[in-house]
Structures are given as structure tokens and as C-alpha cells.
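Given below, in the form of C-alpha cells, are the structures.
You will see two complexes here that share chain A, one where it goes with chain B and one where it goes with chain C.
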Partner chain A sequence: MEPETVPQRDVLMEVRNITLRFGGVTAIEDISFDILEGEVRAIIGPNGAGKSSMLNVINGFYHPQEGEIWFRGEKRKAMKPHEIARHGIARTFQNIALFRGMTTLDNIMTGRLTKMHRNMFWQAIWRGPAEREEVEHREVVERIIDFLEIQHIRKTPVGRLPYGLQKRVELGRALAAEPKLLLLDEPMAGMNIEEKEDMCRFILDVNDEFGATIALIEHDMGVVMDISDRVVVLDYGRKIGDGTPDVVRNDQTVIDAYLGVAHE
Partner chain B sequence: MSYLIETILSGLLAGVMYSLVALGFVLIFKASQIFNFAQGVLCLFAALTLASLMLGNTPFSELLHTLGLPNDWMPVVPIWIAVPITILVMIGLAFVIERFVLRYLVNQEPIILFMATIGLAYVLEGMGDLMWGSDVKPLSVGLPEGALDWMFDRFDIYVDKLEIAAAVVATVLVIALSLFSQYTRIGRALRAVADDHQAALSVGISLRTIWIIVWSIAGFVALVAGTMWGAKSGVQFSLSLIALKALPVLILGGFTSIPGAILGGLIIGVGEKLAELYAGPYIGGAIENWFAYVLALAFLLVRPQGLFGERIIERV
Partner chain C sequence: MLYRETGDFKVSYRDDQQTFPIIQDRWLFWGMLAVAFLVIPFIIDDYWEKSIVLPFLVFSLAAIGLNILTGYCGLLSLGTGGFMAVGAYASYKLMTAFPELNIVIVILLSGGVTAAVGMFFGLPSLRIKGFYLAVATLAAQFFLVWLFNKVPWFYNYSATGQITAPERSIFGFAVTGPEATPAATYLFCLAFVTVLALVAKNLIRGRIGRSWMSIRDMDIAAEIIGVPPMRTKLSAFAVSSFYIGIAGALYFTVWFGAAEPTEAFGINQSFLVLFMVIIGGLGSMLGSFLGAAFMVLLPIVLKNIMVGGFDVLPVLAKHVEITLVGSLIIFFLIVEPHGLARLWSIAKEKMRLWPFPH
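Right, the complex of A and B next:
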């Protein structure tokens, strides 16, 4: 553990004073934190803490009432989710949102959609340039498939795959977009120990080999502490802790939030 | 025997027509969960535009006449120009529908979108009337017509060449559509949107663009369907009622399945012809008019998701 290396990295994303309300309910209140280039940043917290809401704000599904998001040194204007995807932010979902009727290969190919813009509508019908482009992107996708060790299910419709593999395909789809920032919403939820270990390894490798910055939400404290560089802790829509796993682990407020406090 | 074969054949070919209309429904329903009541009117509008262009009718001629403006300046447009123009009109229509209707109804209940398409149907029908007039227009697109001679000579079976042509066109259309959706970037995006809206957004697919594309394709399919029906019986406003026949077809085939739409159309086409032939004499005929609906009703009781539809299972 070398905490000294952390400050040397550039800031990739900064969220400033984000507040998100649904009607009278405040899901996120005045939260600020930053994500550094190349790090694995975890957002943790008990149920209903606002973790997923935060991810949805970053990804553009929700628009916060207050606050700013700075991405790659620029203040981001209000954008639609698909525009944000085009700006280099990819994500996975807590409950797996794959295209169930499509094969593994096709699912991951959809991750390349933002990269394939040269062909016009009619070119898509008449092969040629469109076909060349397709082949080019197929190679990238095949590399990802190799990397995630899912060659054997390339042509299987993902709806038929077991849960753990679906999670992996979803990671592959996000990865195919070559994102600057990869958002993972509970990548290990519902997995057994073995699958969790696999997933941890993939996340770390993605971080290493693809150079992707990762922000992940996770319930399992143990896992988070092992793989992340820094951790933000949320509780009831507020930030109650922020720092390296060691710092956070020993923070009394965080311990209280997770274990509950006795009320005298 | 030959009479039975003739009946089945003509049923199959009529079924192809139903399938074509149903296909337009399925495309839009898959991509946006909208039951597009206006699909039949889209067929009418497309056929009306094509026929009028080829006849050299001036758009809004009645209106222009009332305003005292010249109203017969349109030349007769040859078919190879008229078809592209009509396609462009249908694509333009897709843009307008997205811009002025769908955009404001994102995330609304399906019933609201359905109501919007009913409104759309009436607006389009009125528009068609205003632009091109309500008289029946002949539409001849150069497809072969009349009996298929060798079938008639050898087997004594009457088959209309036009209906064979319609079947061929429909087959080509369906194959082209499935190749397109299977092997191209946009096809993949279409399937992705049909599968999961949120996930599609997260990989950078713009729903608006996809909707415009889907409605354009549905408009194109409507043009093909409308042209076939128009070639058979002239372009008239009752064409929009075919949409209602497509409804039982969809209940049979499933709202989300292209093969289902085709098979459903064929079953209903053949079924109503056979019913007319065998049961007609006993209950006084005109079975063709209601047979499809009764069959659909029976299907709803036994297999509500249709032959190929997605089974709806709610986890509790």
C-alpha cells in the first residue's frame, strides 16, 4: 500500500455539491468527491444510502437539482445518457441490463456502437465499407472476449447464461466502448466466493491492462477494501467518509453506519 | 380437389397481404412498445401519395382551388421517380411524428402512446384526404396481372399473378429486413433498443434516432403493403381498415415476433377462405369478415402471448 502515489494522479472527474431530490425525498445531499485518473474508486454505504443514485447522476439517468460535474477538466452541461456514453463513460447495472435475446458477441458489439460512425444508412445495407468497419471492430471485441475468458459462450444468447457469466458479459460490453471512466454498479452482487474472486481479478486487470478508471459500488466491504485505491462512504444520502481503505475502515462514523449505533 | 388447392393458395396469398401490414406493427411495437394504431393509415397514406404522384394530381388541389390558386401544375411522375419521392415522404413523416408526437410522450404509459397513435391515424387520414382527395385511385406499378396460365392449363387452378408477385415481394422484404437487423450496426442498435431501453442508452444509442429509423422502416413497409393492396383493388380509404385485420394476425403471431406476424397472416388468410368455403353455405356466408376475430378470441383464451410472442411471467 503506497498512499503517497495517490496525489500525483490527475483528476478525471469531480462531482461538486450534488443534491438530488425526488419530489420531497432527498436521495443525495450536497455530496462532493473526485475520481483520479487510473484509480479504482469505490462508493460504499448501507442500503438506501444513495450509491446507485450517485452512479445514475454521473451516467446521466438522473439530473441533480444542484451541483456540478467536472469531467476531464471541463464542467459538464446537462446531457442525455447516450451522449454521456459517447463522451467515454460506460457502465454496468446492478440487476444486469443485457440484451437478452442477443448473443454474447452481439451484446459486446453493441458496446462498439459509439465507435462506429463512418457508415451511413445506405452503406449499412450495401456491404463494403460497412463490412470492413464491422471486421475491424470484431477484432477488438474478440480481444475482450479472450480477456474475459468467455470464448465458449460467444454465440450463446445471453438470456440463457448463468448469472455470473452474464455479469461478465455486461462488463465486456462496457469495456468494448473503451471508456475513460467505467462505472460498475455492484459488480459482485449475488455471486459466490469463487465468482467474486474472478470478478475482482477482472476488475483489477481491466484497470491495469485497459487503463480504465473505475468507479464501483459495492455492498461487500471486504471485497471493496481489497481492490480499491480510495473509498467514498455514503449514508442516508450524505457523505460520511472518504479516503484510503485503511482510513475508512477505522473511521468511527463509518463503523457506526455499517454496524448501527446503540442509542442510549 | 383443385378447388381446395385453389382456395388454400388464394388464402395464403391474401395472408401475405395481412402479414405485410402486421409486419409494420411488429417493427414499431418491438422497438418502442407502442401499438401503432396508425399503421393501416400509413399504408393508405403511402399508397395514396404514390398513386397520386403517378396520376399527376396536384397536392392540396381542392384547397388551392378554394384559395383561387393554380391547382394543376403537377406533371405525371414516372414510377421510378415517384417511388423514391414517396419513400422520402414516409421518412419525412417519421421525423415529423417523432418531433411533434413521440418526443413529448417518452416514458408515458403505453395506453397514452396508443391514444396518440389513434389521434395520429385520424390526422393522417384527414391529411391524405386534404392532399390528394378521397376518390378511388388506380395504382399500376407494372406488376404482372391476370391468371397464371400454365397453372390454369395444366392443373385447372386459378392463381392471380399479382398475388404471386406480392408474395415474392413480401418474402424479399422480410429477408432483407432480417439480414439488415442481423448484420448491420443500425440493425444491432434496433435489436438492442427492442431488448432494453436503459442498457441501450448506456452504450450510447440515441432513442430518438432509433425511433425515427424504426418509423421510417415501418413507413417503407407500409408503402410496400399499401402498393400491393392498391394494385389489387385500387387505392381507397377503406385500406386503412386493413389495419384492423392485422390485429387478429398479431394476436395469433405474437406482438413481438416477425415470423409470428408472417405465420399469423398466413393462418388467417387460409383460415378465413376455408371457413368461407366449408362453413359458409351453412351459416349464410360473409364469414371472411369476422372469422379472423373469432380465431383471435379463441387464441386469447388458450395462448394469450401468441404463437411466438414473449411469455409474460411476473415474478412475485
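Right, the complex of A and C next:
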């Protein structure tokens, strides 16, 4: 086997010995892996393997019974999800979780909430500081809208958009927070080839241009092999493989558990 | 195609974020404001004041308040009557304890007191939502009315248990008490409504409004993108109660001049305001006004037509009114949750394209 050719990078996040149980069900069992600064890290595995649960642990929505999470060189204390968001972790959801009654623009603007600070007094007056702040952030959001090519649906309530566009808006909302670490839960599920290609391009560009480190869950192996730097493989809540796409693809345990069987 | 955005290009984000982005709406707004401030004061009489205009203004404020909580933040409340009572009793205590205090300050402070009480009763919303929260606010409603009935301190130990507003004036014009003229009370309430409606609009279009709506639409996602649920829900309760408290204070001081908790601030009042919000449009500022106007005018119009025009018994007219309101609630809840405001915007949409069908 050829030696790993991953360039030398700093560790952004390290999950250590995480175990997560729901009553009798062990969703995640003693899993450890790291995410390097600037990489695209894929998490794969069959249905029910614990992938979404892992993301939920990382953004503080689930609290694991055991294990620790190290982020930017520090052990993370127990935090609420909204505090973790403020520390630079954003995500999208497997089942789209947009604010359906709001427009595309408002959804993405909401993603910048953690960066807006004018208090209620200034908001009530509006003219002056609050309005200036709004315009400032609107400019950033418009750049994201341009980048994702969704100018035409700016003022459309997202509930009326087709699935593929909703996924894109959700990515936009996550991007708006300018996260250090971006978690994407099946960003391409249910898309056709063209939409998938667009989404791949957006993800790679986000990684390049916005400098975000990305951890993504994806079932389409072709996509995973194309865009990820390293892959973690989960099965029944355990880690059964970890390495570059090539290494993982040729790993016998992984093949037996996952790649060998027809998926979906 | 007189009503349109075409040709009215927005050249900056600031323009795009205006209160009324469409120029015709802006004219309409300024026109109405001019009539409201410059014409109506000269023609208003006692009947119009007490039966139509003050009810409309006071209930508009209450409806804006409830709409912030229920329409924008998605938290259902049946405590509106109780919170109005808090505003009323706060203003009464303030007026009697500090006779020198300017009435504007009294009203604003009453709103502040109600905001604090509202936040307290909003605490359960951190744990429960929907039906259970509605029941919790219902408990607040009954508790508050009971409190103002039972504790004599609130009504200054008066023999009747009623509270009566002493006379207060601004710029030499009485706005409370028997001497107040219709024009003075009207302008006083109108000034509050105008300023507070603009403030509400400002809050809604910015960061705070978006955080409320994000909690309404998908609270889990909101939290994960950094919206603190506790702060956000409590701020909705605070702002909402502030508005409702001011509505209650104006209701007591300016409109009726006297009040008795069970009659004035009972559960019926909570439902009345809730119906205004539903019929007018959940999550719409315009809807709050339309709903208030509708619910204030409906009984008057029906009575005039049925009793005045067709000699129907007043009791029957009342039944017809209740039935009609009930059917409308069902209609709007099922068919058009965004209420009259949405119907209005559909009409505008049509006008924008007119005379072309598409």
C-alpha cells in the first residue's frame, strides 16, 4: 500500500473515544478521529451507522455519555448548540431545516445573526447604527447569494422552492456564519446528476475560497472519492476505516461491511 | 399597471430595506397619516371616538403585541386580557402614587411593568410549546384577574373595587378624565400607535425579528445556527407584553376612564385579540390593523344593517355576529392563515400585473 500523501496540516478538531447511547441503543461506540485544518473530511457508512448522530455530537445537539471533543487545540466544555455556533461551527441537515415562512434572503441573513450586535434600542430606532449594520451584512449575504447563483429566488419564501434549491439555500445559511468548520449532512441526497455536480462545485469552492474546513456525510461513493481528502467509515456505531479515499476503498473490512453490498 | 415595482429600481440595499419598498404604498401611508393627524381631529365626535376610533387604536396595539408573540415568534398566548389588566393597574397605581408624573411616562412605564410580568409568565415557554403553553398563559390570565380582584392594594381599597383614572393633561389639553375632548384623546392614542407601530416594524425587519421568526419556523435549526432560544423567546414575551400593557393602560386611562378586572380584562378580551390576529393575519403588521378594524367594525356594521335596516332583534344580531366571526376564524385558520393581510397582498399582486392576466 502506498504511503498516505496528506499534506502537513494542523488539527482543527479531534473527537476522542465518543460513546453515545439512547436508552439501550448504542448509536456511537468509542469513536475517535480528527479533522485537519482546511480539509474535506467525509463520513460514510450504511444507514443507521451513527453518522448524523456524530454530527449532532459535534455541534452540541447530542451529549455523549463518554469521550471528549477538542476544538482548535482546546478541550471543549459542555456547551449549548447556540454557543457552539458562536465558536465557528455551522451545519446543514439531512432533512432540510430551513425557516419555511421566511424568504431566501432572510434565511441567509439569519445565518449572520451571531455576527450582528446592535441591541434592541438601536434596532427600534433603525436609522443609524442598526441600518448600517444591516446593510453591511446584507452585502456579505449578497456575495453568498451570487456565489450560490440564487439571485432569482432572493425574495421567495423558501417553502415554495424546489428541493434542490432549498438545499442550496441551506448551504448559504450555514456559510453566512463564516464557520471554521462546516458540517454537511447528505448535501446531495435526492439530487439529480446535474444538481449533484453543482453542489460538488460549491462545496469545493467553499473549501477553497471561504477557507472552511468541511466534514460531510455522503452516500454517493463517486462523489466521496472525488471531493474528499480523507474518509471515516462507520458501521453499527463503530469506526471500521479511516484514511484517504484510496486507502479506504481498498480496505477489506470496509469492502465487506459497506462497499461490497449494494447500497440503497 | 399603475401599482408596480417596475421602473422603481432599487439602487442600494438601504432602499431595498425600506419600510414600504413600493412607492405607491409609501404615498398611501403618508396620505393616511396626514388624514389621521390633520383631518380626523377636526371632525371626530363623541360617538366616533368611543365606539370606533379609540377601540380601533387600542386594539391595534394589543393585536401588534400578540402578533409579535404568536405570529412572529410562534408562541400561542391566551393571556392578553390579563396582560392588559397589568398595564391598566400599573398605570392606575403610578398615577395615584405619583400625581406629578407625566401621563406619557406613566403609560410607557406601565408597558415596562407589563413587559416584566410577561417575561415572568413566559418562562414556561422555554420548556413547553403549543397547546401546553396556551394553557399556561390561560392560567396567567385567570391568576392576574383574580389578583386584581382580590388584593385591595391594587384598587387603592376603593369601596366598589373599581379603578378610576384621574385627570391628566399634556400641553394643557386633558387626555384622561371627563374633561378630555375626543380630539385630544384620539391624538394622544394615535401618537402612541404611530410611534409604536414603526418601532415594531423596525424590530421585525432586523436581527431581532429574524431571530423570532427562526424560532417560530424551526426552533432546533435556529438554535444550531446560534439563536439563543431562551433570550429570544423571553424577548418576544417582553416586547409583546410591552405593547399589550400599553394597550391596557390606554384602554383604562383614556378610553373608558374606569375599569373592573373581570369585565374589562376577562378571557373574552384574550380571545377577541387573538381573533383579530388570526383574521387580520398572523405574522403581519398590516394584519394587526386590519384585524382590529374588522373586529371593531363588524358588530357596529351588523347592528346598523340588521337592527337599523331590517328591524331584527338586537339579540339575534349578536348571535349572527358570533356565528359569523366563528365561521371566519375557521375559514382563515384552514384556508388562509395569513388572513386579511394576505388577501390584500394577493389583490395587490393582481393589480401589479393588471391588465395582463400573467
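The rule is short, and it goes like this: the second predicted complex is superposed on the first by the 243 of 264 C-alpha atoms of A that agree within 3 Å, B and C clash if a C-alpha of one lies under 4 Å from a C-alpha of the other, contacts with A are read in each partner's own complex, and residues count from 1 in each chain.
Rule of thumb we're sticking to: contacts are C-beta pairs under 8 Å (C-beta built on N, C-alpha and C of every residue); 3 or more make two chains touch, one makes a residue touch a chain.
All values reported here derive from a predicted model rather than from experimental measurement.
If you put the two complexes together on chain A, you find that chain B and chain C bump into each other. Of the two partner chains placed by superposition, only chain C is touched by A:Val135; chain B is not. In the superposition on chain A, A:Val11 makes contact with neither chain B nor chain C. Contacts of chain A with chain B, set against its contacts with chain C after fitting on chain A, overlap at residues 59, 61, 80-82, 85-86, 90-91, 93, 97-102, 106, 109-111, 113-114, 116, 124-125, 130, 133-134, 173-174, 177. Against chain B, in their complex, chain A makes its touches with residues 59, 61, 80-83, 85-86, 90-91, 93, 97-102, 106, 109-111, 113-114, 116, 119, 121, 124-125, 130, 133-134, 173-174, 177. Remark: chain C residues 12-14, 16-17, 199, 202-203, 205-208, 210-211, 213-214, 216-218, 220-229, 235, 239, 283 touch chain A in the complex. Contact residues on chain A toward chain C in their complex (touch as defined above): 59, 61, 80-82, 85-86, 90-91, 93, 97-102, 106, 109-111, 113-114, 116, 118, 120, 123-126, 130-131, 133-135, 138-139, 142, 173-174, 177. Residue ranges on chain B touching chain A, taken from their complex, read 176, 180, 183-189, 191-192, 194-196, 198-207, 213.
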